[in-house]
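By letter and in written order, the chains are A, B, C and D; residue numbering begins at 1 in each of them.
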């Protein structure tokens, strides 16, 4: 039985060490902070200029000057900070962010990622995706293993325009957690009831089973 | 507002601060819509809030990173119909190129976009064995920015994530106009808490509609 | 302090914040003097406050802009006797090269120094018809910085002209250690008033001697 | 009768328009702010990170965290601001400073300036001098026309290492005020009792008399 979106997010959250600074992309990654236990300090950065963002509580009124990069209303936790755009990208490009969690349309064997447009259509734009994917110390991708129509997304080479080349460290999908070393991919774990053969069949490059 | 932007003329480049609605100089942009200019080049992170300006035929090019974030269903069509050229830069490159222009630097050397279409047509500079994309500075004739507080020397103070591009755009423009929720006396903004020193700002105007947590404009392009 | 800098080893590069005495991490530097390292490379705007370190034979190179500003009569001699190599950069280039290293940029393209000895041995890059000096990024193994307030996440707040190089050095170093006049609870430094976000700082230590307006250290190198 | 140092500074101050932002170098330039009338708003920037600095009043205690680039204790006026080094030099290099006032060891006909070292000796270092001289909109030099030992300082070419090339707009000396356009120098005014012949004799390139 494949993992749900929430289970993928929880799985990612479980792997984030205390003290890390994490940039969260749009889509499935936004579910991750909800699964970080209260006693594990993790700081979330958003490229529009905040460190220490938290989802708004049910009683908090949205403030138009407090949003994340997905333009959702947020709050700041004690110890957080606000800053302007160029300093935000100094953090991102400069390797100060421990982890980026992003979605993807396609991932290649070499660790390339395509997540901002298909051949035909630009989704929202490149935004900060290229900076995040290129700059963070660790890049983890939260994604469904194949498309709705069954097409592979983990491919020998991406067919869509790249966001960044050779940057993906891990993939957390509904079927498996995969880790890359150069062009070798290791299965870290499989979703309950998913066999290595099933995961391999849904992946466009060789993957090595868990040890 | 109309008076503040009277020196904007056709074919000028206008850098507009803000990220989504946060720190977006909405009243200055509304005034620009009323002004009836042609062939403007707009530099802004998003395109969603320029649809009326585009539909009026005022815009020839938009330089941005995320045009369609939270955009209306009709924005793509508007851009196509108006023949607007869309130039995309990675968000950090956009920001850094504006800063470079405002800082007297010759360009930005970045790895972001290396090995992708964002490297196409760019010079590649090798520094100590590593290749970098050279992206030239990005300057503007005018910058429109939004602040919480401003004084008549142009010192600005922002709140929360409203800072975003407002500093680098104020730096990059020949003339910077700031709208502020509150125009305060010189001395009210603490020297230790000034987000944009007045040296980067040429004119300050008071917003007629204050933006607060319950402002109806919130959510416009979420 | 001694514990805070225990991972500094011989031949490392240490970026030391401050401009004259303002924002200078004096207690960390005193601890470094006691540590007995060799072949250190010091990056700092001035050299005046490193004379004891130089005399102890700990320094092989100083990268700075204004070594002898307010220096003692004996500093030049100390530097010569210890065989310290002095590398000068224009102050803005020094600052920007540190920022470039901390920002993942490939270098700095500047006109400053063009046509002077500061262009010697540098690559010249032409951007749209104008020549610029390419100065590579400047990174450090450690940065020592001084703040008025710090919390255990490394958020720093400065006062007055104590900001100076402390931000760019914190950005440029693999490990940044901040000494603070006051270590406060997380949440005490306002998110709108944080001068150095904690992401750039790895350790925070409380100064034993508070620095105030009547501090005897003031005037040391005026 | 040649102008005194204070008269040179007063002369410079008289020429600074209201609203200008001015960077002040060490030495004679530091006398200039004292001659700006109270009702003329002029902002002084110092490259160590302050806009709106003022000299300390007689009753003000020095604060070690409040100094100018010459490391003298200062105060900040209402409407001033503090900032870190990279933003300070963005102001300077980016052409946001209306005027720089500096001292000089030598000035060439082409407007080159040498003010940080002689052939034999570095004075303090390059500091922010190269940035200021290269970056400001207008560069005015406050200097004595010749050295103590009578050597010319205004020369066809500088013999000392340059701080910046082709940047000087005006020279305010004890003998004259001179303005440069390319390699043409115009006398704006002469000190009382100083003849054009005297000023010319003390200058290593041709100067054109006042109209």
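Here is the rule we use: contacts are C-beta pairs under 8 Å (C-beta built on N, C-alpha and C of every residue); 3 or more make two chains touch, one makes a residue touch a chain.
The shown structure was predicted, so the numbers you read here are calculated from the model rather than taken from an experiment.
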*asked:* What's the distance between the Cα centroids of chain C and chain D, rounded to whole Å?
replied: 28
_Roughly how far is chain B from chain C, centre to centre by C-alpha average, rounded to an integer in Å?_
33
_For chain A versus chain C, what separation do you get between their C-alpha means, in angstrom?_
35
_Two or more other chains touching the same residue: where does that happen in chain B?_
96, 99, 103-105, 110-112, 158-160, 191-192
*What parts of chain A, by residue number, touch at least two of the other chains?*
50, 76, 82-83, 89, 92-93, 135
*Would you identify the shape of the chain contact graph, picking one of line, ring, star, complete or other?*
other
*Looking at the whole structure, which two-chain pairs count as touching?*
A-B, A-C, B-C, B-D, C-D
*In the complex, go through chain B and note every residue touching chain D.*
99, 101-105, 151, 153, 155, 171, 186-187, 189, 191-192, 194, 197-200
*Residues of chain C that touch chain D when the two form their complex*: 19-23, 46, 64-71, 88-93, 95-96, 98-99, 110-118, 148, 158-168, 195, 211-215, 217-219, 221-222
_Sites on chain A touched by chain C in the complex_ = 21, 43, 45, 50-52, 76, 78-83, 87, 89-97, 135
*chain A residues touching chain B - in the complex, by the definition given at the top*: 46-50, 61-69, 71-74, 76, 82-86, 88-89, 92-93, 112, 122-131, 134-135, 161-166
*Residues of chain B that touch chain C when the two form their complex*: 96, 100, 103-112, 125, 127-128, 130, 132, 134, 136-137, 158-160, 191-193
